[in-house]
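Presented below are the structures under discussion, each in the form of structure tokens.
Note that chain A is present in both complexes that follow, paired respectively with chain B and with chain C.
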Partner chain A sequence: MKEMLNELLMEDKTLIHMPFGGGYFDIYASVVVSWIILAVVIVLVLILTKDLKVHNISKRQAALESVVMFLRNLISTIIGEEAGGYTDYIVTVLVFIGLCNMVGLFGFTPPTMDLNVTIALSVMSIVLVEAAGIMKKGAGGWLKSFAHPMAVIAPMNVLELVIRPLSLCMRLFGNILGATVIMELIKHVVPVILPAALSLYFDLFDGAIQAYVFCFLTSLYIKEAVE
Partner chain B sequence: MLNISIVNIVCTIINLLILYFVFKKFLFGRVDEILAKRQEEVDSATATADKAIAEAMAQKSMYEEKISLADEEKETILADIKKQGYDEYDRIVTDARKKGDQIVKEARHKAMAEAERAKEEYAGQMRDMVIDAASKIAATDRDKADDYKLYDKFINEAKAVKNE
Partner chain C sequence: MSLTAIGAGLAAFTGIGAGIGISIATGKATDAVARQPEADGKIMRLLLLGCALAEATAIYGFVVAIMIILFA
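Right after this comes the complex of A and B.
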């Protein structure tokens, strides 16, 4: 069992060696899997949004519209009206994380199980949060907001700049890693039936919940930043 | 698993941005376009409907005004006709009365003439009688009793003539 965990956690993630200058840089499997996800999603979007009509809409278009409206409503109720412009980005992240978490169903390793992907996501989130604050309040107002509500807690607020993305990134990474490890263990103990049932929880439900939590927190931070 | 590679982080960020722009341009852009068009159509349909309602209301009030005008006109026409009718009635009644008066006048005139004529006839008869009586008296040899008898006879004759 220890070997299995070692294999899972310490496996070489490198998939592509790219010659670059004198040396190489390595592209990890997580990035390659997310390229595949990206390709599938983009093709799907292009197919689904082909010749949309105003009247006599097809079932495909009705489904697409309701899904888009549902996701937007989900986010815009959290993010509030003031920061409504960021809804589209958060929805994109929601879809991306959701698909990354669920891609285990098709036998891939979830990209979100790689720390680099979750770091990238949380860096983007914190940059967006602070950018939203700066755009709303101006650079001076943004700096002043660190001393809000009291000057004493300014160090805490500065620390939050690091803590927030760190917690976002670690939560997502840990959850997906944990789920995958548990699934691997279960697969070793009971190879049939039970993994299929539990995969519904760990891959679908937990994946969706974690994607939602990530986006929920990011939206909340943005809302707080523009208030 | 836990090693961090800047290249891969940057790759993921680029992936995310690509996905965002594709979503923004194709998914949200196209869906929004359709939704906006639909909204526009609904708005224009609503505006047209409002306009039609306003027009209908204007026409309704116009027709109501016309109807009230027609009522007034009807009243005046009726009043005119009634007045004419009364005038005609007055005229006819006045004419009739005038005619009646004239007829009565003529009748009275005639009656008076008749009476005059009858009176003259009586007078003539009376004169004849008186002459007759006088001549009879003159012709007879008489006493007082005879005179009385004669007077009575004359009076009786005169009564008889009157009663004829």
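Right after this comes the complex of A and C.
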């Protein structure tokens, strides 16, 4: 057990060891895998958005439009009218996290299993939430909003600045790590058939749900911040 | 090593709370959908939010258990 955990968590994650200035610049495997995901997404976007028309649309454009509308609708119902401008950023994060979680299907290690990636994502989220609050209310109104229901709970509101990103990043990391650990254990015990069935649940379903939950909570926080 | 294993096992008890929480949430959501089938979209969203928050405790327990095994 401990060896397996060590293998998953403690191993040297460096993939590229690049000379940089006087020393070395390490690039982690998670970064390289997310580069691959980004490249795939960019190529897909370039192919799918080629010659879009207003009338007489092709099947490809119809499919693309329905997917984009579905994703935007998913987020904009949560985020509300007032903060609707942030929908596209959150949809982008949703697609990225979703693909990151599912990349285990193709034999890569999911980048979201690296704590650095989830910390970066959750810090981006909390910065966006607070920036949305400042843009809406101004710096003074934002500071006042810490004492919103009453002044007594202001310390709790300040603590939330730390707790929210911490729980966001730990939830994503823990879920993906947990799924990977369970899959490794099952592959150890039953090497055929059963892992394929369970990987449907742990890679596809759990990955999609966790990406949705991350974006759901981020948009909920933004909605709360601009109210 | 034996005490480490006991500690990690104790940390896994957080799963009880998450299980009870998620089962209550799902039961109530089923009730709500049975009563008002037209509101299932809204109920589904709230259910997912509640499940995500309830499940977080189990995940914290899992992270603590892994920390105990690795660093103790």
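Everything that follows uses one rule, which is that the second predicted complex is superposed on the first by the 225 of 227 C-alpha atoms of A that agree within 3 Å, B and C clash if a C-alpha of one lies under 4 Å from a C-alpha of the other, contacts with A are read in each partner's own complex, and residues count from 1 in each chain.
Going forward, a contact is a pair of C-beta atoms (placed from the backbone, for glycine too) under 8 Å apart; a residue touches a chain by one contact, two chains touch by 3 or more.
What you see is a predicted model; the values in this text were computed from it and never measured.
Engineer: Go through the superposed model and pick first if A:Val123 touches only chain B, second if only chain C, both, or neither.
Structural biologist: first
Engineer: Identify the partner contact of A:Arg171: answer first if only chain B is touched, second if only chain C is, both if each is, neither if none is.
Structural biologist: After superposition on chain A, A:Arg171 lies in contact with chain C alone.
Engineer: Does chain B (first) or chain C (second) touch A:Leu52, or do both, or does neither?
Structural biologist: In the superposition, A:Leu52 contacts chain B only.
Engineer: Quick one: is A:Val152 in contact with chain B, with chain C, with both, or with neither? Answer first, second, both or neither.
Structural biologist: A:Val152 sits against neither chain B nor chain C.
Engineer: Could you let me know whether more residues of chain A are touched by chain B or by chain C?
Structural biologist: Greater contact footprint in residues on chain A: B.
Engineer: When the two structures are overlaid on chain A, which partner does A:Ala197 contact: first (chain B), second (chain C), both, or neither?
Structural biologist: neither
Engineer: A:Leu217 in the overlay: touching chain B, chain C, both, or neither? Say first, second, both or neither.
Structural biologist: In the superposed model, A:Leu217 contacts chain C only, not chain B.
Engineer: Jot down the residues of chain A that show up as touching in both complexes, chain B in one and chain C in the other.
Structural biologist: Of chain A, residues 9-10, 177 contact chain B in one complex and chain C in the other.
Engineer: Which residues of chain A touch chain B once you look at their complex with the stated criterion?
Structural biologist: Interface residues on chain A, with respect to chain B: 8-11, 13, 25-28, 30-31, 34-35, 38, 41-42, 45-46, 48-49, 52-54, 61, 64-65, 68, 88-89, 91-93, 95-96, 111, 114-117, 119-121, 123-124, 177.
Engineer: Looking at the complex, which residues from chain B come into contact with chain A?
Structural biologist: Against chain A, chain B makes touches at 1-2, 4-5, 7-13, 15-16, 18-20, 22-24, 26-28, 30-31, 33-35, 37-38, 41.
Engineer: Mind listing the chain C positions that touch chain A in their complex?
Structural biologist: So the residues of chain C touching chain A come out as 45, 48-49, 52, 55-56, 59-60, 62-63, 66, 69-70.
Engineer: How about chain A: which of its residues touch chain C in the complex?
Structural biologist: 1-2, 5-6, 9-10, 77-78, 167, 170-171, 173-175, 177-178, 209, 212-213, 216-217, 220
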